[in-house]
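First chain A sits with chain B, and in the next complex the same chain sits with chain C.
Here is the complex of A and B:
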């Protein structure tokens, strides 16, 4: 049963498609999210506004977000990618911001007293010490992105959401079951990689 | 540092002139004026909240002055770029603030690296500084802060403050968080360093004992105001008011000096200070690190053999413990403090052991008492 579904639904190629979509989305999310966090860390008022906007976006259900984007970006790959980005920027941006602003005072104090400029403190002290926190945000983004990309199958984005759609339309229990379980396993795998990275960073840059 | 960035070769004098700092309605420092001479170690002494730290931090502009001026070699600190000014001034704080994500070398070498020193020059400088603060470079250069004891971290903090060879050091209660015996050891080590380095040092503390041990002159502050700036002897002989008399003559200690015995002022001997001759040097180092101490008393059965210090252990990892002990003055519990302080003064020792058949306590040289006997 598994082998048959795998073959008819081309799950190998769909998996590659799926993961590459997740990967590209994540890459963009990390770049934008970290950049927003770095931009905001010394702007208390602006950060409240921006993080609140991102918060509102995140409260929109994934499905609704996809539908809202369709009039602007059509169906398929593009709106899915944009939806996953919008949806996952918050955890990365917020964790970056929190990580950068909550560096222990004693480190900032001694860095300043040594004659480090604000910029040097950012790159040499704040960012390294915020890495475990940023990684935790990225890990949340990974899980979100897996979800949104799967949902993208509904609007023909490709990836593993496609076979699920097919399964639903044909009411084919085998397809739904095999693909569904496979997505679940992938999500757990991706998350455990994230967990491992987070732990490693914590050991290297963590406080205690 | 490139010479264009080096603001002062040597400190001739620092003038603090009528300086005031307010936080809202609270006046942290009020119209304080004092002069610091080049090469001296000036203590800022006072209870917490007296403004001593604020005053210190105004010198390198971590805190901006509200009124008055501070000048170094007759140049107003306001005329310097604050970041460059701080690169020219070493600074050590009680919490040390070693960066947890960097090794000892990266911690000490951070500013040199940002200044563009070569890797080789940085390594050389770091090794030299580690030697200076009595930490064997090979052993320590690649460690991370969490692998260091409190005393070792504080030494690294000091080394880091000296890396740019700045002629001025600001120190804010650097030994405040340490165990009393270790604090005494580091103070003694620091006195040696101070002689070697010939820097101008401004040192904040609330510990009168520390102030009298380390300071050339002492400025006593209270409620943001300077009460008296004087040499140690002058403070004892000529206190400006009751507040100062009270500080320097903590009544309980000195009023009945003649009747005082060593057991009245000794530290009881805790288990963590006891080591045995059959221990390996390695296990002794480990024990000291875990207990955050650098001093111990060696016993064979219950017989007192001598005392050990951590840095001697590091230097001789292959020897056995009983070969590394040194002698310190030994007193009976009922011996008079006057006699004991004199013995320690003459022997130039700052730690003594109190014995009653077996070791019973540890006596630290008390700077104020030593002055009085």
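Here is the complex of A and C:
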């Protein structure tokens, strides 16, 4: 049953497609998210507004965000990518901002005492110490992106959401079970890689 | 042309679906958290599960329910519960567990029994955490309730999917815009209640 579904639904190609979409989206999310976090750190009075706007976007159901983008970007890969970016920027930006602002005083004071400029403190002290926090944000973003990309199958973005939709439309239990469980396993695997990276960074740069 | 009756009906279905699932989940998750407080094995088992399940996309959860329970309203409620019950449990449990030991110690000192400690010390202190969990669960329930229209649960998602199959964008928007308004109202109202609770405790 598994082998048959795997073959007819071309799950190998779909998986590669799926993961590459997640990977590209994540790359963009990390760049934009960290940039927004650093920007907010420099302009603290904007942080409340920007984080609140991102927060509102995140409460919108994933599917609704996806279809709202359709009039502007059509169907397929593009709206899916943009939806996953909009949806996942908040955890990265917020965690970067919080990580940068909550660096322990003692490190900052000793850095200032050694005569480091504020910019040097940002790059050499704050960012390294914020890395575990940023990684935690990226891990959340990873989970969100997996979710949105899976949904992308509904608007013809490719990836593993497509076979699920096919399965539901044909009411084919085998397709639904195999693809659904495979997505579940994949998501857990990806998340545990994220967990491992987060733990490693925590050991290297964490406080405790 | 917009048919308000259809939209209102869909909004009603959507809210009923999301909130009955939320209510059932709270009713199950809170006692489960209390039991786990006194049973370490159950607690660690459920926490591991909670962390794993959180990573799985909602769409996959909704899909897997179909071969097990078929399609319609009940499987949809089950899918939403499946999606939100463990985050609810996790927040309630950690809230109850992480109450500062000083309070519990002094409560014991003045002779409160286990039940009284739970009722008067642990629950009030855990309330902000429990409420944060409920807010999180409500947002997810709202989002999954749109998705479950795919398996015949009705609601706002149905308008969206009907529009999608004909590529009828206005119809898609009649489903999508109310959903966004609901999501934003939900966030605002929950944030207000949350502020009150955190101020009080």
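Just so we're on the same page, the second predicted complex is superposed on the first by the 207 of 208 C-alpha atoms of A that agree within 3 Å, B and C clash if a C-alpha of one lies under 4 Å from a C-alpha of the other, contacts with A are read in each partner's own complex, and residues count from 1 in each chain.
Assume contacts are C-beta pairs under 8 Å (C-beta built on N, C-alpha and C of every residue); 3 or more make two chains touch, one makes a residue touch a chain.
What you see is a predicted model; the values in this text were computed from it and never measured.
Residue contacts after overlaying the shared chain place A:197 against neither chain B nor chain C. Among chain B and chain C, the chain that touches a larger number of residues in chain A is C. Once the two complexes are laid over each other on the shared chain, residue contacts for A:67 go to chain C alone; chain B is not touched. When the two structures are aligned on the shared chain, A:55 is found in touch with chain C, with no touch to chain B. When the shared chain is aligned, chain C comes close enough to touch A:181, but chain B does not. By the touch criterion stated above, A:19 is placed in contact with neither chain B nor chain C.
When the two structures are aligned on the shared chain, A:115 is found in touch with chain B, with no touch to chain C.
Touch criterion met: A:164 reaches chain C, while chain B stays clear of it. Legend: residue contacts after superposition of the two complexes on their common chain; A:173 is shown touching chain C, with no touch to chain B.
In the superposition on chain A, no chain A position is in contact with chain B in one complex as well as with chain C in the other. Within the complex, the chain C residues that touch chain A are 52, 54-61, 63-64, 66-67, 71, 139, 142-147, 150-151, 157, 160, 163-164, 169, 172-173, 175-176, 179-180, 183-184, 186-187. Contact residues on chain A toward chain C in their complex (touch as defined above): 55-56, 58-64, 67-68, 70-71, 143, 146-147, 150-151, 153-155, 161, 164-165, 167-168, 171, 173, 176-177, 179-181, 183-184, 187-188, 190-191. Per the touch definition, chain A reaches chain B in the complex via residues 106-107, 109-117, 120, 124-125, 128-129, 204-208. Residue ranges of chain B in contact with chain A, taken from their complex: 60, 62, 83-89, 91, 93, 95-101, 110-111, 114, 146, 157, 160-161.
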